[in-house]
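Just below sit the structures, each encoded as structure tokens.
After this come two complexes, each holding chain A, first together with chain B and then together with chain C.
Let's look at the complex of A and B:
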């Protein structure tokens, strides 16, 4: 709902309706707003029916990959005699993304409800919410809400008096971007270094503690409650473009823009109107230059591409990028692209777990070369070297952190080559001149 | 450890580590804290899974995670001290040496970077007298570091002071923020 600003009339607030509403954080307040009705309904249904409704709704993973949620849940085979686990990925660390933080600090009970529904649907009695260590405020509210929910018998060994067991535990991370990768998250939860695991085996076969596991993003789990209450058709109808992308999506907007914040729109919303109307357009006297629409690891869009984009999974791909996590980073004409990209590379170099050579060496060298170009000490050959390294970093490692570092570099050189060349040829970036032009 | 032996790695952080490690270590997991850990263990199917939470408790009680703390945790969770150290060194939030009373983390990743985070870092370094990143100020009050994405990019520049999260920090707010801490 445009939080921390007033909601915009063109938003559709399903998940973000109560952002900024302090009363919604408490159990009583949440119940007054219709909370835990979906869980009550869910616990009275057969797990397979829940999975089918979610499948039918078209809900896809909101963490970045966009995998169909119902299908993922259906991989968990009932009656295999093993304990199943649900992990909620609340390790939100993708630069530009801060939607899950708002969900957890304003509507913690919504996440407990989503976790309980998800756990029950996949035959799990335990759900772990893995929250990044830096999120002290969301952690405070989540722990408080979990305590309240246990005390009220909503979760626990006799959830809502149904005799079914659903435990929800909060687990605090300790500072590692890579733990947002699902297999690294499982390792971290087990008390290991957060190194991603080789797949297969996939988590649904052997996940956390070696048992069948499903990992879902915060936003995905929260969305399951209104879907159960209102039906798959209601959700499916929220679609402005491609029928493969349904429902509402939270977009967190940051960077050089009038009203940064978390917005909720129906899938397929025109990106141009989103940026200029909802987010208020560029800062005074500036123009937008580029957008990174799905967190730092997706390709950079030029404004020409961005303004022609319809905001859904397919729409962003059609216009040279990806929906990713919905973390929209807006860059204006005062920012030198090389500096922006070099800083992104530094982030990935810092966060590489160093397991794979391509990633450990690739992210470090990419950063060094980009920083030397930024400082006016680059050569034209450096651009070819960067592209060559990027190729070696793509599709060759255990997880996609390496690819994620290569993506903004390759798209940046392709789309803003003139800025790289100008720096190499000794021409400094002059933001004021750029604004006039 | 003498400064000559650590060569290029010598820094004020190592010096303070050296002093602190000679202070006698008292056990963390006694009484209520031990019961807190026992409660935590119930959440997981094995002891090892309580490692990250146990290390957080050590840091809360001692301000950092000394090697003796790693040994204590290893004994309780039936792990080797070497294994525990391997985990501690993977995660950036466990302090492996003492830090200032106020540990200040300024986000400087790209989204904050394009909104002026570098100037916020400079303001903190100047006003705390820490001077350099990662170095504790002479009065032992402040340690300032740059941190990768704090996940509050719409509130550039977010800053964490110990467990407190402060949004939308600009260089001119820095003196006020620090004044409230002292």
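Let's look at the complex of A and C:
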């Protein structure tokens, strides 16, 4: 639901149904709301059958890449004689994204249930929930819930009395954006510096502690429970556009809108209605100018593009961006784009792990140029240089942080070149005045 | 060993066939193509971070880091096409934006891979208009100095300390463009092998304090040699400027020292430059040693030695050739040597590589040729024997022991203080001034070449000993040290079948050591 607001009638609340419901945080309250029924069902099934149902449902990774979850789970070969691990990526650090935070704050048991189902499905006995260092409140609730679940025998050596072992550990990160990258997360979990690893080997071959590992986003794992309970068909039918995108998706909305919050809609929902109806449209007297629909690392959309978008993996790509993590950042006509883009670049420059040359130097260089342009000291050549640096930063590094920094720069220059040129040519941009006029 | 599956691929239009599991970068070497790289080093675990070795593999969606990508059947790799070149240009520009461009005052200049590749294929100008990042230089302890502004964060040094020295000392501190190499609290680069990071550093970020500001790379003359400072026999390059050794660096040899040498051996070169040399042959005239001609000195020495029982006090620093000729001079006498000792210091990440306890180059060879290893050097010197001192300084030797000798002949590069009664003194070249072979502790015979000019009238030891044998009426015809070695190989079973040509610059084990498994290639990073 559009937490912290009342649920909007056009929302479909599967994962966010109990946001704001304090009782759902407790084990008893969660059970009363149908909790752990899916896990009970899962533990009575063959792991391969669970994988098949998830495959069939069309569930795709909600962390950003949108990789089919069932397919990912099927990479874990049973009976290879090695311990398997499940990692839950709760290092939600993408600027503009806070859906996983709400999931963990309000429905911690849903995540434990999802982790246990996922772990069992991939033949793992241990699941790690890697929580972002700054998430003190979600950490509090998760640790409390894990303790409760252990005490009730829901997880542990003899999960729900089935004789199957499912351990869930909560691990607190130290506050680095890059630790949300799956292989950096694994390094961090192992106690190393959180640097992304070269792939291959992929986590399914050599992940945490060198063992086969699957890593899933919080929302993905939570979604596995209702899929098991209600069946793949039920989930698959939740689709308003492209059949490759199924189910509901949480969108965290921030920026210049009337009602920022976490919304849950069925895949393929029209973005225009989402922005103007569910989120209440722009602030009084303002106009929307641009949207970054999937967290800071996806291309910026013009309103023209955004208003024509259907909200699913394919829909956002069609309209010049990506679904990403579902972190919708709304920018209105009072915001100078160069400032916005420079701020985003500064974030990536700060968070670059420094391994790869293009990222370490490129993110910082990009930031310096952008801030110079912002301060009215730019030249037209700077724009070419920026695009050239972005080209060097794209597709050439170990992970995609470098690409992520390049994306808003390229899309920003392409779509809002007039604002860059105005600053460079000395026509200071006065956005608020312009809006009022 | 199981037969290795071979993989066929095309690199820059050249067909190569390499064992399965080889990286594209190594495969390219077999095709004669050097893919520019910084963080990759064959002696270290792969990091894949500099992104310099990106190459285009046909049908792959992105450029591939050739150091971290293994070959696949039928791959077609482009190293010098526009796409790969453009990526390298990008990396080079980025590596230089915060670089101080202080080549004129940088020790690495002339042997700097950043400089080389920038000249080869970098941009002529920079588009960087912003202030450069600055961090002050830091003393890392040991022989190592760190200049962060020149650092490209390839992490070779970090990986060496972690995975080869197995004493984690260095790390990457900070993130983003603030990152620099840091030292763990309370740690210093005092590990006995730490200075290898200086050689590993592809740029001028890690420098030798010992070599600092001594010479520009292009002023150096280089000679392939063997470190004479212990029995490991690390392959080295002796570098001289104006005939002075100013630096020793490891020369790769997978059977001996991989890519490394210890700090003690590396820094222990000054004795070879020493000026307190005996530079002319001398013969005793009543109470004093008087300089004379080589012919006269050799004749005198032959007269002293001929027909006498000779005891040779030899040095384990002498080459196989000289030691062999000494055994020919002994007639029915005998010989002994002593060796200086120190603490053994292994390099944990490389099998069978250590700074050895015995601190001389040719202990194995001396023993093999019949010299007795002893702590009491002159115990075998009989009453009335002629004492032939060869390369020994006789430090700490009791004069009363010397008095048992009927006469003393000294063949050395310095005049031993405790042998004032020498009848003849024949000045010879030291280790760095002549050519020869030494045998390391695993029985590997290795050649060393001449790095310096010998001073004054000194001559190579093998030449002096050959002449002496001739003057004593033996048939000799040694024009080159290889002639002496050929004679040694035909005389001694252990050296049978070896020749200078077959030994080459990588060495070969003596017959007895060929099957004991101790000369197998060392596995770097294993263990």
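To be clear about the criterion, the second predicted complex is superposed on the first by the 433 of 437 C-alpha atoms of A that agree within 3 Å, B and C clash if a C-alpha of one lies under 4 Å from a C-alpha of the other, contacts with A are read in each partner's own complex, and residues count from 1 in each chain.
The rule is simple: a contact is a pair of C-beta atoms (placed from the backbone, for glycine too) under 8 Å apart; a residue touches a chain by one contact, two chains touch by 3 or more.
Because the structure is a prediction, the values reported are computed rather than measured.
By the document's definition of touching, of the two partners only chain B reaches A:173; chain C does not. Look at A:365: by the touch rule set out above, it reaches chain C but stays clear of chain B. Using the contact criterion defined above for the overlaid structures, shared-chain residue A:256 touches chain B, although it does not reach chain C. In the superposed three-chain model, the partner touching more residues of chain A is B, compared with the other of chain B and chain C.
Contacts of A:93 after superposition on the shared chain: chain B is touched, whereas chain C is not.
In the superposition on chain A, A:198 makes contact with chain C only, while chain B stays out of contact range.
In the superposition on chain A, contact is made by A:350 with both chain B and chain C.
When the two structures are aligned on the shared chain, A:302 is found in touch with neither chain B nor chain C.
In the superposed pair of complexes, A:213 makes contact with neither chain B nor chain C.
Residues 176, 193, 350-351, 353 of chain A touch chain B in one complex and chain C in the other. Chain C contributes residues 46-52, 54, 61-63, 65, 68, 87, 90-91, 93-95, 97-98, 127-130, 152-153, 171-172, 174-179 to its touches with chain A in the complex.
Residue ranges of chain A in contact with chain C, taken from their complex: 176, 178, 193, 198, 349-358, 360-365, 368-369, 372, 381, 385, 388, 391-392, 395-398. Taken in their complex, chain A has these residues touching chain B: 4, 83, 92-98, 101, 132-137, 167, 169, 171-177, 188-194, 209, 252-256, 260-262, 296, 327, 329, 331-332, 335, 339-340, 343-344, 347, 350-351, 353. Contact residues on chain B toward chain A in their complex (touch as defined above): 43, 45-46, 48-53, 55-56, 77, 79, 86-87, 90-94, 105, 108-111, 113-115, 147-156, 160, 163-165.
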